[in-house]
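Structures incoming, each one as structure tokens.
One chain, chain A, links the two complexes that follow: it is found with chain B in the first and with chain C in the second.
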Partner chain A sequence: MPQNEVITDLDLDKHKYNFVTAGKPVFQAQKGLSEEVVRQISAHKDEPEWMLEFRLKALKIYNAKPMPTWGGDLSGLEDVLDEIYFYVRPQDRMGRSWDEVPDEIKDTFEKLGIPEAERKVLAGVGAQYESEMVYHSLREEWESKGVIFDSIEDGLKNHPDLFREYFSTVIPPYDNKFAALNSAVWSGGSFVYIPKGVKLETPLQAYFRINQERMGQFERTLIICEEGANAHYIEGCTAPVYSSESFHSGVIEIIVKDNARFRYTTIQNWSNNMYNLVTQRAMVGAGGHMEWLDGNLGSKLTMKYPSCYLMGEGAHGEILSIAYAGNDQHQDTGGKVVHVAPRTTSSIVSKSISKGTGRSTYRGLCKVYEGAHHARSNVECDALLVNDTSRTDTYPYIEIEENDANVGHEASVSKIGEEQLFYLTSRGISGDEATAMIVRGFIEPIAKELPLEYAVELNRLIELEMEGSVG
Partner chain B sequence: MSDAPILKISNLHAKVADEDTDILRGVDLDLHKGEIHAIMGPNGSGKSTLAKVLAGHPVYEVTGGDVTFHGKDLLALEPDERSRAGVFLAFQYPVDIPGVSIANFLRTAVQAHLPEGENLDIFDFTDMLTERMELLEMDPSFAERHVNDGFSGGEKKRNEILQMAVLQPTLAVLDETDSGLDIDALRIVASGVNKLFEERPDMTILLITHYQRLLNYIKPHHVHVMVEGRIVRSGGPEIALALEEEGYETWTKHEEAAATSV
Partner chain C sequence: MIGELVEGLTEALNRDAVEQVGQGEPDWLRQRRAEAWDVYERTPMPTTRLEQWRYTDLKKMLALDGMTLGQAEAAPDDMEQWPVPLREAMALDRENACGHIVFIDGHVVHTDLDEALSSKGALLISLHQATEEHPELLEEYLATKAVPPEDGKFAALNAALWTDGVLLYVPRGIHLERPVRVTRWFSESGVATFSRVLIVAESASRVSYVDEMLSDDLDEQSLISVAVEVIASDAAQVQYVAVQRLGSGAFYQSVQRTLAQRDAKLDTLNVALGASVSRVDLNARLLGPGADSDMLGLYFGDGDQHFDFNTSQDHVAESATSDLLYKGALDGSSRSVFRGIIRVHKGAQKTDAYQTNRNLLLSPHARADSLPNLEIEADDVKCSHGASVGELDSEAKFYLMSRGLNRTQAERLVVLGFLGEVLSRLPMSGVGDKVRHVIERKLRGLV
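== the complex of A and B ==
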């Protein structure tokens, strides 16, 4: 186990104020991005030469690519990028105090009834001890089956050949500007390998690893699900994750081999100063089955479109997503399904809720390549507006090169109506509770797919968010 | 009945909030404990408006008059407060709430009716709901369906009566509960209402209906005729039968004559 005891001893944010306490290690983070910073990260992680070269090449690509002009408003991002530290050691990140956590966040933890110890972990000021026992026994089970569930750093260290064979094959650095950035400065994340035919009953939860390697700003996850294997990976939680950083750019790569089944569930609730730009993609082999269950709450702007590339005959991809945009928040989310092989099938179900001045955008792509005959895809996106000031847009892109494909798209926008509210309140239910009930009902088709404790927390969170929603 | 009325409506005027003309133009009505009243009237007479104004629908604005419920000002209360005070409106057009099961909806409503700080025991609630559904001869699986979502007209109205059975109001206003029902569905719904009234004869019921046929199944003690926002005649069940024969036209003419003679 890593050095939790050490972590709690550290001073707060010393990197931020740019002084170093005597006797501290030589590593010192610097603001902004440069080749030197990238070299430092790689050296600090003691990486092989090929990874350093990979990072440096990615940095060049990042610098060469223009800022995206589509999606959300990224005009404030340049300033943020000048000011942030591209690498903060996990122990430094932990070194803040509970007092620094905004009251609003503490209040939400309180209302959600999150246990004290867990609150500190979520706020980045403490380490998780309780889960270690559970984690250990699960870990033994996984090891006996040959499953690897490590931090991404340990994955590279302990399984170098396996790692190198798959790393960056699903999302290469030139894919997009932020994938390039992540490739240059990645730190933290998971490395998962499920051997052929292994079926896991218990989901792999990144939560169990929180104490080892907190999810970084530039987390990188690589998952390989071998032929006929079956697993579920869960990341994040519904309680707001407080981070003093205001930029998060992750890359999640998943390889689902022939006839394997994999589900990736993530619920993220960022503090509302956060730019959250994530690339997550799965390659699915013949007869394979990939599901993304993606919940996005909080943040200032989220741009995230989980993708399934259906590479083998009969592959199936599914994307279920929920987005909630409160005041001054923009959730630009959706999904991408790319049909490359015959008889591939896919489905996207997206539900968004906008409240106050919140804005949610559905942005989706369904692409059917020539030769992917008998492909079938269905997209359903529903938006719910809580107030008159809330906004929603839909950008469904459909590109079909095959005559014999069946692609459906349905979109709906509804507003929480006076009649619905009156109906519920006329039964004695308060206006806020009635609103929360309508919202919960709206996301029910997706929430019922969540693990129970997540669904419960999500429901409670919606209740909190709907307080004061009725004028 | 000699005691004070449960519901007292005095010279009530109301309109749609962003329109000019009053729909209710001076309604007077007293309802006592244990009475069943029926208000009949042609389309546009204002009878459904009266039902919604009593429940506090936000689209309407009261422009004059008073309504007291158990002696207290009903119009000062929000819709949820009126419900908790014991008023129930069975909707003419119940709204669907996708994704919310009837059981969940009713549990939330029953919880809301409990005093502050008191928590509903989920097992007690389930027992109570099962018993209520048995009384109304409903299949238990009905409670798992989403509120009014994809319901037939009959199912929607039965769902309204189930809510009434669970919430046990002191005053139930049934707004055109017969509309859109075939004769079998009407019989089922009416028998539900009758069972609830037999069970709690103290309850006061106000039936709003266009047609006399509902009154073949639920027998009112008093019948009122509403025309152009006013109650123009009150009496016993015989009025409904007279209406059936003569139609509303005569009453409309009466009203016009009355209006010009004033």
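== the complex of A and C ==
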């Protein structure tokens, strides 16, 4: 088989995840975006006046900001935005217990393996079906500790003061065009509050699904990790395959207070017609520790750069990013670390694999403000190219205003070594298997940080994707 | 159209000025100037919204409006009357050179080339002389292949308004064992000066070119624009060195492009020590298999100096190599911008391309921005880049002080060692000594 021939249809995970449940949305706003739609969303959610005003202001900002001209190709996006529903609500109220969840939604979860996950004591499971939390459970133990793990809507309803104090403080609507869009039409997502000193052993998990053609999903997550608290949040996405374009634009805000530790793990495997434009950022206080573990495997185009703003002395930020771009995919990902306070440290490790006509781009920022003396930062990007039609780019920005800082950036690009392949195949291993082994070795430093079930899934994905990659 | 804004059209910079400067030139050249001016008019002034100009805000840093075109009359024939720093630099240069060109305020006042070389057909002449004696070379190469007006606002402005420049032509198989030197002196405040360098090295020829720019401190801002075109045919070996030591008040702007054909070795070194603002756009194009470019850069800033290097390595052909190393030290509240990109075009397999930028911040108010980029569209390549920003190696400094050096001496040595890595990669002897000498001079004035 010629080297650049690529298996076009791998049917990856189709049997497990590629299904459409015949759900009938209870409320669906009109197609496209207008002030009227924003008012409808807010009214439907029975929101306080300030939130409506916030949404309307954000809509104005969205309309005023030009479409980004950098990053991926967004030329097809305008048409998508005209066609999508900016709000879909699948059912009228939150299901408090498993019994109350409608059968077809249960069926969806069944296929996703959620009850199984719960049996494994995966603690509180907030699952997002369409645009809202429909199923939600929280272990009693956590409730007794004062941990809040709610849908974002319930967060606003039940904890209005706490919510308003932090909401939009990390990512204001004028941050970028898509943050503005999300601020105008957000729906669904999680609200998490970890009280001072509370340490959670088991991770908080949320499953996300998009299940309606042409439906945008604008999830909004707000996480507050109080002083000395310690927690891990996992979010994974799978999406069924549709024929028309789709759009996802989330905003994730995290506040990590002094000496707290927080890790946010996300793996997206959207179908290959998805535009996935996400803003995720954490503000880290003195001695705090924030880690983003970001995996991008699916979507048509992803633009996502998890960031850590190191605001307090000695804060630490870490970003581990892994991207896989197959045929017609563009993963424009990376990370940003902004050192504002002295003695802050950060590290970014990025690994990408481009195959077929796939393109992966690392885009990152390391900024050290004047006064952030003794800041240390290290960035490492490695790209692996599988075919001669694959493409990779690296665009790091390094901006240093402090002399008492040490910042390094290294990147390398390589293809799968013929010698490595030859060695493995001479030991009787097939070409595909050998390629998969090499790729697995390449991503191992990040994969080992993943929760077990994700690591297993990732390895399986690589095996499938590398079939037919060498000839 | 009435009222349409043309950016960069001033009382001094306009179509009349283009005609003025082209007076007495052949029609084809005047026509080219006019066409370049058309491009200039329709090209918007770069703003910080452009990636390549993100950190250099021309609105704040360049005041074209107040500038006139240089009015300097021909310099006195008597060298004794030339400025002392110019004569000093010339004296240093002349020892080890095979030819020499001297500019004063954009006009060539002196040229010489070893008889042995000119008799073999090598040319080192001013562009004015070339217009008369070798128009065929200018027609083919000047602002056509390497830096055409379409390259950008400044390339167009330069192509329309250049007053003089250098033509260095090396015939097939001719080796210039000693470097060609160019020394330039600028004295005028509040003027815009445009000049060009055209180096054409035929197959298997060999040449090294060193261009040094000097001026006093200028009361009013002057734009000093130099367009550089270096064309190396198959298996030619060319080294281009620019040493910029302009005074404060100078806005140095240089667009440089090198074209390397099969098995050509085309190396560049940009040394930036002076000027208030220094902007260099350097593009190396590797057009033939086996082509190789070493791209070196050195900068050392103090006060509120601003350096901006925008480099690109275009691997168009397969099996070519490029290796870039830019190192700088920044004191006071000076700042540097390095934006470099390696582009491996489709089909450029077996490319080896590297890029490194290292910065040393010597003061709490200094700033360095580094953007080393890669765009790779072939899979069988070896590419890497690295960038770092850090402080002076305190252990090295401590070690030197424990051996009896005072703090100043120790710091100077550590900086020199840091920058020395670049000089050690210069293949031609004589050039490195020269650069080391000017850096030491700047350090003495500094630390």
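To be clear about the criterion, the second predicted complex is superposed on the first by the 376 of 471 C-alpha atoms of A that agree within 3 Å, B and C clash if a C-alpha of one lies under 4 Å from a C-alpha of the other, contacts with A are read in each partner's own complex, and residues count from 1 in each chain.
Here is the rule we use: a contact is a pair of C-beta atoms (placed from the backbone, for glycine too) under 8 Å apart; a residue touches a chain by one contact, two chains touch by 3 or more.
Owing to the predicted nature of the structure, the values given are computational and were not obtained by experimental measurement.
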Clash or fit (per the criteria above) of chain B with chain C on chain A: fit
To the nearest 10 degrees, what angle do the lines from the C-alpha centre of chain A to those of chain B and chain C enclose? 70
Just checking: does A:433 make contact with chain B only, chain C only, both, or neither of them? Give me first, second, both or neither. first
Would you check which partner chain A:401 touches, where first means chain B only, second means chain C only, and both and neither mean what they say? second
Chosen between chain B and chain C, the partner touching more chain A residues is C
I'd like to know which partner A:441 touches here: chain B for first, chain C for second, both or neither. first
Between chain B (first) and chain C (second), which does A:39 come into contact with in this model arrangement: first, second, both, or neither? neither
When the two structures are overlaid on chain A, which partner does A:411 contact: first (chain B), second (chain C), both, or neither? second
Now for A:65: first (chain B), second (chain C), both, or neither, which partner does it touch? neither
Would you give the minimum C-alpha distance from chain B to chain C, in Å, for the three-chain superposition? 15
Same chain A residues contacting chain B and chain C, which ones? none
Quick check on the complex: what are the chain A residues that touch chain B? 417-420, 422-431, 433, 437-438, 440-445
Can you check the complex and tell me which residues of chain C touch chain A? 51, 349, 359, 361-391
List the residues on chain A that touch chain C in their complex, please. 70, 368, 370, 373, 383, 385-388, 390-415
The answer for chain B against chain A in the complex is residues 55-59, 78-80, 82-84, 88-89, 91, 94-95, 97-100, 104-105, 108-109, 112-113, 146-147, 163, 167
